[in-house]
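Once you scroll down, you'll see the structures, which are given as structure tokens.
Note that chain A is present in both complexes that follow, paired respectively with chain B and with chain C.
Showing the complex of A and B:
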């Protein structure tokens, strides 16, 4: 049981008793508006993708939660095993490219950031590079257990019990507890593809960012080189589920994770979605609106609220 | 809704006061129309997000300024009393465009010539592209109808003349226009000489062909 001071620091709200999930980046899966050109009828409920399957929007949250519940206990191990630790390099690159704290303290929010790995990198970067101890990060995640995990991790750091970090239980698609125009930087890493409605997430991001604020998303994406893509496909669909079976005793969940990556919009399409949400981006090309990492296995998209 | 290209356009006038810098890009949002204008410049991460990290953002601003310079050359066409304008007028108009930012130009050209890789060597391609683009626009403005080999030689000649005049302008702005005129005159004289040499060579060649045929060799 958490003490009252811990509760205050966590600011977790009243949904603490959700099923345990120890997986990062599963912070949004509530039904919301998607496919606006195809209005739902009572007979035909709205659908969304769940890996390669099409499921009712209302069902996605529980399905995603089941997946992450299943892989939770071995998720960090599997992340390192399947990416050979490269995801850590990507996260480092993601944060260092944002240069938090360079021009003074920033108010940041890391969505789907329960484990706090991005938030910790932001605070470390600001402190180590720019002697900045005033930059703050609010960590938002739909999963209270994930926030507990992040809170536990932050206890090992100097940021524990400081105004520099706060934890919030929140759905990325409905961030009503966060006021308009309140953040300088919005980050979401390996989380947005698990959301039911990506446009809804982007819309909320645009709302809570200040004018001039930056939206930054790190996500798996499409490999552009056909040879590398073929090798990547072979590895993803043949090796990762087997590794899931061997290391975590669960191949189906890892099959979903691989499939969900393939269902995520390719770089140009996602960049257009960011612009449709009201953000300005760089040129509509690699190196402009988005930056591929390792040939497109992962990708960083950025936008600015003007 | 403002876009990154719109901000680049708004940043171009700021080059006079802030140089080809990220600061000029950051301040572009202050120049937006009333209602859209920001109260503070863009943050460093926002500048990087829109225009690229580090010097890449500055290179984007320089490129936007160069493209605007080409558009500026079209003013010579519009203002010319005799249509089409002369090559002299077009190139003078482009040199005039440099004047407000002459102090910043050496650094800008040095930045363009610097590669982004770890190997530091001078990259001549941006300079060639810059001169080639101006030569091409100048030919368009004066209604040049050159074809085949002369299409290339005409542009190469104009690019060389303009590059020399621009380099001269960087060290001696007051004499740049006179230098441009002298180069154009010499270029025209050289072109005439080359044409005459070429014509005379063709006569010699035809004569030899006739002599060889008359001897029954061919």
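Showing the complex of A and C:
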């Protein structure tokens, strides 16, 4: 019996591959997470954080799915509203720092890339700066609703129905349908904190990248300046859920998103996790392995597979 | 985040476009269960404590949303709650001033399809309030189950008063014999403003007509508004009426007692699909429940 998300994916045509989610959930890696989890015992299930709540590991995926099913149709509007459009600057910085297409056509994969912001920027950058129309981006996302939005948005661009973009429903922790050593660039923007197990995501990223390939992650992170941090917290917890209620009729999803930012590991810790997965990074300091944007509100982490 | 609540968002402003939004019910439960920016605990189920700053933000935001997209019943409700101010205390005092009102405050009756038996009411003789109510519900194709619960009022008793006002809105429709199209809703908002004085009804009364065509607006102000102000202003405060105890009473007698007379004739259109959808949903849930019972134990 096909789930409705599967039916949707199949309806949307050959661009969508067979959804791997039902397989993915069963074989989801049970590595430890960054959040404090209970010591595993025979009876007690492993737990992870869902915002400030603690939930069984198995539950996080479906809870996150509910969040993104709910926000998908308003995702871009809410991004613009809550960040006052600044997220566009961050994404521009992120992609232009990667210089896709500089050394010839690249095979890129944008994970948790649902609505296609990064993929579109990669393709545009390669085209405009390097006259490159052979670079391809595979957009992978666990959530069919987000992919649907991305597919819809891409229809407005020149890449629709070209080999340059493809949409895949896949779990970042379990991407077995993507072969080893096949990508030059792996990007994940504002998605990794929603994954149940960050080490599993990093491991898969390492596997599917070619030697010499780049791993790049754009994510909300810790603000170092205490004054800015206090203002940022106030804004996040007071304003954003109310904006969610007004604009999207959904404050809980935005409450989760805001809380999940606080639960994500700080920059040095995450950089170490990237190294533990087998990547080589820059020096273990700001400007090396990671680059803070807007004081640390967002941060770009990069690593290279040796 | 499982939807546990019975009531879902309803537009009390533009009932031609009644829509339910499942994400709202789920989101509000989750919001009140998760940590909030203010450290206060909820005072009642569904209560979402907000700081004064958030309340201000919500007022402005919901006002904007309510006028641009009246389908967002949750925003109309939120605006009503954030702008209520002292009017709810005033209404509560009115209720305390009458024996019937005091009984309502003590017993806190709710109006939805589980507390009000539609089948029983349908069997009452013609001319009774119960029969008139059920007939009106069917004629308009609506159900009492789509009222947004109260979230942003601090005091539980005042939250109940607000909830009672929302749930009795359909009774006002029934007693004044008005359908659920936009003109009639606006006429009723004028009536409620004159009778109850809630700021939200005033806002709706002032800004709602902007969404009407000029002809309908002209009719509203020439015929309905004078009726609404005269009738609403002189009638007994309807928040003190214990409708559930008056099912068998004759409608005309009730109207005489309350000092209400019929509005100018309105345009009745086809029934909405709201009630039908709700009935189908209930039937589906009932059959799922029955099939679960039939499943043999492993």
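List of remarks:
Definition applied: the second predicted complex is superposed on the first by the 265 of 306 C-alpha atoms of A that agree within 3 Å, B and C clash if a C-alpha of one lies under 4 Å from a C-alpha of the other, contacts with A are read in each partner's own complex, and residues count from 1 in each chain.
We take it that a contact is a pair of C-beta atoms (placed from the backbone, for glycine too) under 8 Å apart; a residue touches a chain by one contact, two chains touch by 3 or more.
The model shown is predicted, which means the values in this text are computed figures rather than measured ones.
Of the two partner chains placed by the overlay, only chain C lies in contact with A:237; chain B stays clear of it.
In the superposed pair of complexes, A:281 makes contact with chain B only, with no contact to chain C. In the overlay built on the shared chain, the residue A:255 is in contact with chain C alone; chain B does not reach it. In the superposition on chain A, A:304 makes contact with chain B only, not with chain C. Of the two partner chains, chain C is the only one touched by A:246; chain B is not.
In the superposed model, A:213 makes contact with chain B only, not with chain C. Of the two partner chains, neither chain B nor chain C is touched by A:181.
Judged by the touch definition given at the top, the superposed model places A:53 against chain C, while chain B stays out of reach.
In the complex of the two chains, the chain A residues touching chain B come out as 97-100, 102-103, 106, 184-185, 211-214, 216, 278, 280-283, 287-288, 302-304, 306. On the side of chain B, the complex with chain A involves touching residues 1-4, 7, 29, 32, 36, 38, 40-46, 48-53.
On the side of chain C, the complex with chain A involves touching residues 1, 9, 21, 23-24, 26-31, 34-37, 48, 50-51, 53-54, 57-58, 61-62, 64-65, 72, 74-75, 78. Contacts from chain A toward chain C in the complex involve residues 51-53, 63, 66, 70, 234, 237-239, 241-253, 255-256, 259.
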